[in-house]
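Below is one structure. I have some questions about it.
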Amino acid sequence: MKLGMIGLGRMGANMAQRLLRDGHEVVGFDPQAAARQALEKHGATSADSLEALVAALPAPRVLWLMVPAGEVTDQSLDALLPLLAPGDIVVDGGNSNYKDTLRRAKQFDAHGIAYVDCGTSGGVWGLDEGYSLMIGGDEAAVERLRPVFESLAPARDSGWGRVGPVGSGHFTKMVHNGIEYGMMQAYAEGFSILKHKTAFGLDLHGIAEIWRHGSVVRSWLLDLTADALQKNPDMAGIAPYVADSGEGRWTVDEAIELNVPAPVITQSLIERLRSRDDDSFTDKLLSAMRNEFGGHPIKKE
Amino acid sequence: MKLGMIGLGRMGANMAQRLLRDGHEVVGFDPQAAARQALEKHGATSADSLEALVAALPAPRVLWLMVPAGEVTDQSLDALLPLLAPGDIVVDGGNSNYKDTLRRAKQFDAHGIAYVDCGTSGGVWGLDEGYSLMIGGDEAAVERLRPVFESLAPARDSGWGRVGPVGSGHFTKMVHNGIEYGMMQAYAEGFSILKHKTAFGLDLHGIAEIWRHGSVVRSWLLDLTADALQKNPDMAGIAPYVADSGEGRWTVDEAIELNVPAPVITQSLIERLRSRDDDSFTDKLLSAMRNEFGGHPIKKE
Amino acid sequence: MKLGMIGLGRMGANMAQRLLRDGHEVVGFDPQAAARQALEKHGATSADSLEALVAALPAPRVLWLMVPAGEVTDQSLDALLPLLAPGDIVVDGGNSNYKDTLRRAKQFDAHGIAYVDCGTSGGVWGLDEGYSLMIGGDEAAVERLRPVFESLAPARDSGWGRVGPVGSGHFTKMVHNGIEYGMMQAYAEGFSILKHKTAFGLDLHGIAEIWRHGSVVRSWLLDLTADALQKNPDMAGIAPYVADSGEGRWTVDEAIELNVPAPVITQSLIERLRSRDDDSFTDKLLSAMRNEFGGHPIKKE
Amino acid sequence: MKLGMIGLGRMGANMAQRLLRDGHEVVGFDPQAAARQALEKHGATSADSLEALVAALPAPRVLWLMVPAGEVTDQSLDALLPLLAPGDIVVDGGNSNYKDTLRRAKQFDAHGIAYVDCGTSGGVWGLDEGYSLMIGGDEAAVERLRPVFESLAPARDSGWGRVGPVGSGHFTKMVHNGIEYGMMQAYAEGFSILKHKTAFGLDLHGIAEIWRHGSVVRSWLLDLTADALQKNPDMAGIAPYVADSGEGRWTVDEAIELNVPAPVITQSLIERLRSRDDDSFTDKLLSAMRNEFGGHPIKKE
């Protein structure tokens, strides 16, 4: 299949490569010339504008967006819409908020253009191992894209699927990331307890390796954690600072909106906020309160 | 009533003073001569050994311990036991773990000595405002001590009471402190949210003052928080470091043992641990994991 | 001062009465004739339409809204706006989301009408004890309303205040309620631990009474809790079901938006959601998982 | 190698079988004759008393305990100790608390008997897939047992290892289970959010299958969750009741003792307690409080 890939950053470039490897034709677009040239080396053609990209594709067209969620996605879509024709398909493969997806799909649908949302997991490993794809959208549109999904996924018939109507793909990916936060936090807390039990002098990497085989907690995240612990057992030089890219927040919002108690996913997000708050007003005030009622000494800064 | 006060630190000295003010005779003991002399200025006599203390009291004796929980309490009690006689009463007014209290009471009971546990709240304010006293022990022993409790409490007939058999006083105080942790954390989080809403430029002390009158969150802790915010609105010079003195941990242990979910009290304790962990291995490992699967940048230390 | 009170439900009627008691003139409006008549008995006049209400007030007018947050507030304001003139003041005394307040204020401001938000705490007790009032809005408008605030608050010069620009009153009230959730949960967990320690046979009401005097956890909420425990020590006939009216959710949202960790306020909200989920899919799935990996028995429904 | 297996329940019998399959000689002991006979069918011999078991083994003996943690383990060990001789090895493969293990090891060590603790993960799947073995104890003793570990583990050279001195095996297994609680809770919350998003009509089993391939949350637990969701998508007939077998509690205790914040592991345990508390006093009291201050209606039981 011939398709246009918009956004040739780490994710977009890798996905384009994986498609090329499997025999698809990819026309790449990215505002950075270097990114376009890099992809060309893997067999793609490229376009230096959205207009050129659309012109290079046979109708009905398939356009796959792999750009940062939020404003950049809106700008790309706004520029793209007037260039397309009924029957074309637009896929948003990024980490968009599903509510934005619902809004955007409505707009494209009004022009007869199918809008498909594809939650994509797999990170930097997807190029070689394949991507897990959670797809939302019209059944016929998803079916037309089958050859693409079969190439991107780890296997022809697994690791991808239509989960429901448009929006449901990004919704499912959002929840996926919420779960990911919880799992990561559980592992990190556990290894931290092991680390602090100095009386036993435990080798954290060794334990991770044991757990990787046969244990109830074995997982791909554990494989990666074992790697990280092998490379840098004491996490030397790494700041205790954990970023978040939005999906965790949305999961928490959604859980509350749905009245679903999600204490562990929520707390995992809060822990990330906490990691970035190294001058906690909350804790200072607590210390001041203890001094007020009990005369307990305050630790000075 | 004439009684011996063992331990003339901040709490013991204040309680002794409050008893003296109300006409009781207090013989004070403390290993520090300065502490004994300070109390004498308020009208007490003092003893420079436990032997001398016991000798100075009329039988049946009343000995009130106000020493740090744990080993110091055990050492004091071990030294005291051989000096006492059946009919004497020992009161532990400190923050002992109720399980220790049960063990110690058994030992004293075997010698015919009544053991009474008195959970004491009120901090540095108790001298003037009176102490809230949660008392466990034999009914007759508690009744004999009535004049003492009436003087220590904020009022003759309120702010003190026998809550159950020996151990139940410290148990109740332990839970009291668990609740205290939760309330403090709730206030501190709330004020922190207000603080971070910089667009509104809120005056935290002013808000605390408004809340002190007529609001649902008014409380004595809020009064103290208002004081703290007035003195030091930005908590300048205070480290974000919150100590804990044990009762919170015991409350969490007990809740788990009783199968009672106590998420907020538990989390309040965990937040204190967190405040002291400024080099979190958990967070470093989380950052490393994110780098492993998604190539997300690690913040360097 | 003469003012119009829109919404004569429990809160509005009580606030109108408190104003009447202090010599203000109140014209009440409510779609329910019975509510209007009830207020008239306390010395108010009433209007059977917003038009009549506005006509009954001297310019520049003061209109105080005490209606349910959300749609009802929007409907009332939409109906009111065309009836007003530059210089009039509208006060929203309800539990509106501060983001709605910002939006509404902009609209009224464009017509030269001052918009004031007044977060109001005090519940059913406010009529006699006074209300805690957190006020946002233009300084001059707030100053004009001074006589009203002085009558509603517990005292002339305390329990009320301008906390910042429009929106900040509702923002502060929102955080107030978040704190309230955390405090309530802390008390409830603590009493539950006491309750489950059956070996001690503790009298929960008695303990609450002791704590009310001199303890660190004394508060108005504790006074009410003591009342509740006296009336119904075993909470007989009460379902373990806790409603929430929105401010807790908004506080959680806001904390996340501001990157402020608020674990205890957040968990208190989650516990309320949990109380209403008596058929938890989460727990069922956990039970099924345990069976899958360990052959652990599943409890049947 | 010839060894004695004490305890032929689900875990012990499966482990014995796996050893038999790999050429070891197993003498089984269990108080239940049926359990002994069942194992004999797989090629083991058996003994009907600990005395007979010990007599059937060549010195120095290897005895492997696979009995319930706690009292049963203590009783077995007490009965075994007088029958053994210096140079023998006792392995506790159960889920013992590591503090008990330290105590027991000291006792056996005093008699010249090596005590090895082996945390064992793998559940009912271990027979075919092998067990993950976290081993604590003297290096020489562990080395002597190498052939046994190589047979029990998923592969000769992986899935098992000595993690440190005696006690460290059970410690590591305890933390493993704590992590397991957190992971399970994260998945269960996530699937519950998906379930409650009824607008999308999501197929939970289908999503689990997609995630199993290529996603960041892929794991063995997810494989099992997919199975469970396939068999019973709505968890029909399953009570929302989640048991716990102790290791989670110990992990929480240990984290607090070590001052390591472990909010997600802790909350996962609390959620299990919550699942069994379908008549929450906490929630009833919260409902009563809301009624007290705000006149909010109470839901009746």
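Here the chain labels run A, B, C and D in written order, and each chain numbers its own residues starting at 1.
To be clear about the criterion, contacts are C-beta pairs under 8 Å (C-beta built on N, C-alpha and C of every residue); 3 or more make two chains touch, one makes a residue touch a chain.
Remember, predicted model here, so these are calculated numbers, not experimental data.
**Q** Would you identify the chain whose Cα-based centre sits farthest away from the centre of chain A?
**A** Most remote chain from chain A, centroid-wise, comes out as B.
**Q** Could you see whether A-B or B-C has the larger number of C-beta contact pairs?
**A** Higher contact count goes to B-C.
**Q** In whole angstrom, how far does the Cα centroid of chain A sit from the Cα centroid of chain B?
**A** 48
**Q** When the C-alpha atoms of chain B and chain D are each averaged to a single point, how far apart are the two points in Å?
**A** It comes to 39 Å between the two C-alpha centres.
**Q** Taking the mean of the C-alpha atoms as each chain's centre, how many Å separate chain B from chain C?
**A** That pair's centroid distance is 33 Å.
**Q** For chain B, what residues touch not just one other chain but two or more?
**A** 123, 185, 187, 189, 192, 196, 216, 220-221, 259-263, 267, 270-271, 274, 280, 282, 293-294
**Q** Give every residue of chain A touching chain C within the complex, in rising order.
**A** Where chain A meets chain C, its residues are 216, 249, 252-253, 256, 259-263, 266-267, 269-271, 273-274, 276-277, 280, 282, 293-294.
**Q** So in the complex, the part of chain C that touches chain D is made up of which residues?
**A** For this pair, the touching residues of chain C are 10, 123-125, 184-185, 187-189, 191-192, 195-196, 221, 224-225, 227-229, 232, 235, 237-243, 245, 263, 267, 271-272, 274-275, 278-296, 298-301.
**Q** What residues of chain B sit close enough to touch chain C in their complex?
**A** 121-123, 126, 129-134, 136, 153-155, 158-161, 163-165, 167-168, 171-172, 175-183, 185-187, 189-190, 192-194, 196-197, 200-203, 206-207, 209-222, 251, 254-255, 258-265, 267-268, 270-271
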